[in-house]
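The two complexes that follow have subunit A in common; it is paired with subunit B in the first and with subunit C in the second.
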Partner chain A sequence: MLRKIIRKPRAAEWAYIVARVRVMKRKLIPKDEYNKLLNMDLNEIIRYLEESEYKNEINELAIRYSGVELLDYALYLNLTRTYRKLVRISKGLPREMIVDYLRKWDFWNLKNIIRGKMFGFPKEEIEKTLVPAGEFDEEFWKMLLARESVEDIIKEFAKKPYYPILEELARACPISEFEDRLDKFYYTSLASIHSDNIDIMYFVDFIRMEIDIKNVKTLLRLKLEGASPEEIAAKIIPKGYQLSESELRKLAAMDYEDMLKNLENYWFSEAVKQIKDQPLSKIEVFFDKVWAKRVLSRANHFPLSILPVLAFILMKKIEVDNLRIIARGKAEGMSAEEIKEQLVVV
Partner chain B sequence: MVEVQPTRMELIKLKRRIQMAKRGHALLKMKRDGLIMEFRTILEDAKAVIEEMIKKYEVAREKLALAMAVDGAIAVKSIALACHAEPKFTMKRKNIMGVVVPVIKREKVRRSVYERDYGIIGTSARLDEAVSAYEELVDAILEVAELETTLKRLIEEIERTKRRVNALEYKVIPEMEEAAKFISFKLEEMDRENIIRLKKIKTKKAKEQQ
Partner chain C sequence: MPIEGMVAVGAGLAVGLAGIGAGLGEQGIGAAAVGAMAEDPTFFGRGLLMTVIPETIVIFGLVVAFLLMFM
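== the complex of A and B ==
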């Protein structure tokens, strides 16, 4: 884990990874292209992507899938390969940070496997949900899928710091609570790193800002669902950037209008101001946009740091999401306006 | 033509049966009309519930499409792995004019976000909206199933009652009336024959005495 690294990274390490990322970033689809894509039909979109970075993945998966499904899996495969490439080309502290951040996909896979095994879903169904973009590769997850019981799967993680959470699941902890605890562990373990190293501080701040976004989304979701302040407090991730746990508890106890007014005092106020009477699905997009904007601007301010790499990781995910929204939206007959509302273009 | 013994006893029995059949016919007619009225009332309710179900289906489809688009099929499939509970319901019975119809006592499928079998932090509001829309749809389907079964049972009973009414009206009662008429005729005939026979015997006896 990151906290073990005490040496300072050499400037050359940052220069190298940032230069590589800058080249990779140039291959991202420019924001003007989305307007063109919005006017295309599904086949045209697939053809467009066949001439882009996604060519190999589309050709590779075309034997097994077709139409929107093909795009879905091709986009995720490309995302996985891009993230693995980032890990491959980086070394030292930058690599540690990238691996630590991408570990969220390990938790994603682990949750899916446990969920699927617990409720008796076939192996093939569970395998379709895996995105091996984290520390463990596809082979590891397949090996895990072959295990008979949840207990056998949990044993594989005996040396990991989150093993106690998994062990508790085996002792009949509700699955939803287990998943939230795993997500909390992921964020808090990264946000708790104490270091005087400025590079690590940038990384920790990034994580803490992501925690803020996650927390505010949870707060709004549960508030609109009519959850009690205690129920909301149980789902809060500690160690946010501006939103502390106690502040969130106070916000959870307020009525919806007062809570929104108070939320305008934080760094994501731009998103809060747009909330009025909008459905939650749109509100989450406002926060995603503000988050992406903030990450990009910080990455521009600190070009020789982990931030440009993290910004690329985020932008790549946003690109994959945007392409899928357009393709799926077109396939489901959504209007261009509806699709546009869900896009995160920054 | 019904084969009957042309006896007075038989005629009395037949008349009693005709009377009873007519009373039964009137009652069945009333039952049929009552069932039709009940059917119409439930049909109106069913129409409204079915319309509501169709609307909910449309909404659920839209929400699922949005979740599939924004969060991806993989995320939706992943959430689906957490859905294992089947809707629970108990069947009770209700009597509508002698027709036993089912009453489904169901547990609400719709659950709040924090009661579901997936974590909140790692999922999105779009997934919640899609799950909620489908939970509401399942609730609506169960309601429609209850009303549809009731309607089916009522239709079957209306048909059965209608057949009985028609059978009584056009077959059983007319046949019995014809049989009664036949017996009366036969009895009158027998009376007439007896009178003539007696008269003849009387005349014969009178002739012998002379």
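== the complex of A and C ==
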């Protein structure tokens, strides 16, 4: 964990990882290319991606899968490899931060395995959902899949500092609550890091802003679904950047219009101003766009820090999500306009 | 110490300190250049050019040293 690292990285260490990441970011699909992709059919999209960074993964998986399924697996395999590469090429504090941030994928896999086991899904089905982009590799997750009970799965994390929390959650919570509390644990453990090291402060601020975005999206979704303030409060992740837990509780108790007015006072106000009378799917896209813009602008303001790396991690995930949306949309026969509304292009 | 000795020390300091300064300047640029080249070898030319820019400081140091020694 980050707290153990005391030595401040030299500027040269940041320069190396940031330069590599900036070159990797140049290889992401440019904004204008999405218009081209929207006018292609599924096979043309696959051919287009065969000439891009996804070439190896598509060629590897083309024997086993085709169509949307091929794209899904190829995109996630590429995402996994890209994230693992970031861990491989970094060292010291930058590496610790990247591993800590990518731990969300470890928890994602753990949740999928436990949920799959509880509902009796076959191993092959669960394996398809795994994204070994975090600290543990594919072999580790396959080994976990072979375990019979939830207790045995959790025991495999015995050497990790978060093992006591996992054990307690697995023992005490039903599956849905286990997932929520694991997310809360992930975010609050990172957001609670106290340090006067400026590099760590940038990282913690990033996490806290992500918490704000997650919370505001949860708040709006549950409000639109007509959930009670208590139900909303239970889903809130503490330690946001501007939105504290108590403010969120107050907002949850307001009616929808008042809540929107109050939300305009925060850093994501640009998204709030657009949401009037829009469906939830569009609202989430507005917030994702504002979040991506903010992350990119902060990465430009603080070039020798973890922020350009985190910006790349986010932009890569956004690209994969966009490509999956286009592929799924095309397969479902949606129009280019409808698909475009769901894309996060900044 | 005779004046020639002082001049020699001054010339040495001019080159030596300029070298340290250039080295400090180059460490970040060099690391970034190697990082960029590792991802895309076409950055070799630009990376090399950027890395040697702080070397100009050493040339100034060398010129000062020559002036001290031979003027």
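Going forward, the second predicted complex is superposed on the first by the 336 of 346 C-alpha atoms of A that agree within 3 Å, B and C clash if a C-alpha of one lies under 4 Å from a C-alpha of the other, contacts with A are read in each partner's own complex, and residues count from 1 in each chain.
One rule holds for everything that comes next: contacts are C-beta pairs under 8 Å (C-beta built on N, C-alpha and C of every residue); 3 or more make two chains touch, one makes a residue touch a chain.
Quick caveat, the model's predicted, so the values are computed rather than measured.
Novice: Identify whether subunit B and subunit C fit side by side or clash on subunit A in the overlaid structures.
Specialist: Fit.
Novice: In the three-chain superposition, say which chain, subunit B or subunit C, touches more residues of subunit A.
Specialist: Touched residues of subunit A are more numerous for B.
Novice: For the superposed arrangement, I'd like the angle with vertex at the C-alpha centre of subunit A and ends at subunit B and subunit C, nearest 10 degrees.
Specialist: Placing subunit A at the corner, the angle measures out to 160 degrees.
Novice: Given the touch rule stated above, what does A:F121 touch, subunit B (first), subunit C (second), both, or neither?
Specialist: Touch status of A:F121: first partner only.
Novice: Now for A:V18: first (subunit B), second (subunit C), both, or neither, which partner does it touch?
Specialist: Second partner only, subunit C.
Novice: For A:W108, select first, second, both or neither according to whether it touches subunit B, subunit C, the two together, or no partner.
Specialist: After superposing on A, A:W108 lies in contact with subunit B but is clear of subunit C.
Novice: Between subunit B and subunit C, whom does A:K235 touch in the aligned arrangement: first, second, both, or neither?
Specialist: first
Novice: Output check: A:A227 vs subunit B and subunit C. Expected answer is one of first, second, both, neither. What do you get?
Specialist: first
Novice: Of the two partner chains, subunit B (first) and subunit C (second), which one does A:I29 touch, if any: first, second, both, or neither?
Specialist: Once the two structures are laid over each other on A, A:I29 reaches no partner at all.
Novice: Once the two complexes are aligned on their shared chain, state how close subunit B comes to subunit C by Cα atoms, in whole Å.
Specialist: 29
Novice: Would you tell me the residues on subunit A in contact with subunit B in one complex that are also in contact with subunit C in the other?
Specialist: none
Novice: Name, in rising order, each residue of subunit B that touches subunit A in their complex.
Specialist: 65-66, 68-70, 72-74, 77-78, 81-84, 112-114, 116-122, 124-126, 128-129
Novice: Which residues, counting only subunit A, touch subunit B once they are in their complex?
Specialist: Listed in rising order, the residues of subunit A that touch subunit B are 68-69, 72-73, 75-76, 107-108, 111-112, 115-116, 118-121, 125-126, 128-129, 131, 174-180, 182-184, 214, 217-218, 220-222, 225-227, 231, 235, 237, 279-281, 283-285, 321, 324-325, 327-329, 332, 334, 339, 342.
Novice: How about subunit C: which of its residues touch subunit A in the complex?
Specialist: It is residues 27-36, 38-40, 43 of subunit C that touch subunit A.
Novice: Please give the residue numbers of subunit A that touch subunit C in the complex, ascending.
Specialist: By the definition above, subunit A touches subunit C via 10-13, 15-20, 22-24, 26, 89, 304.
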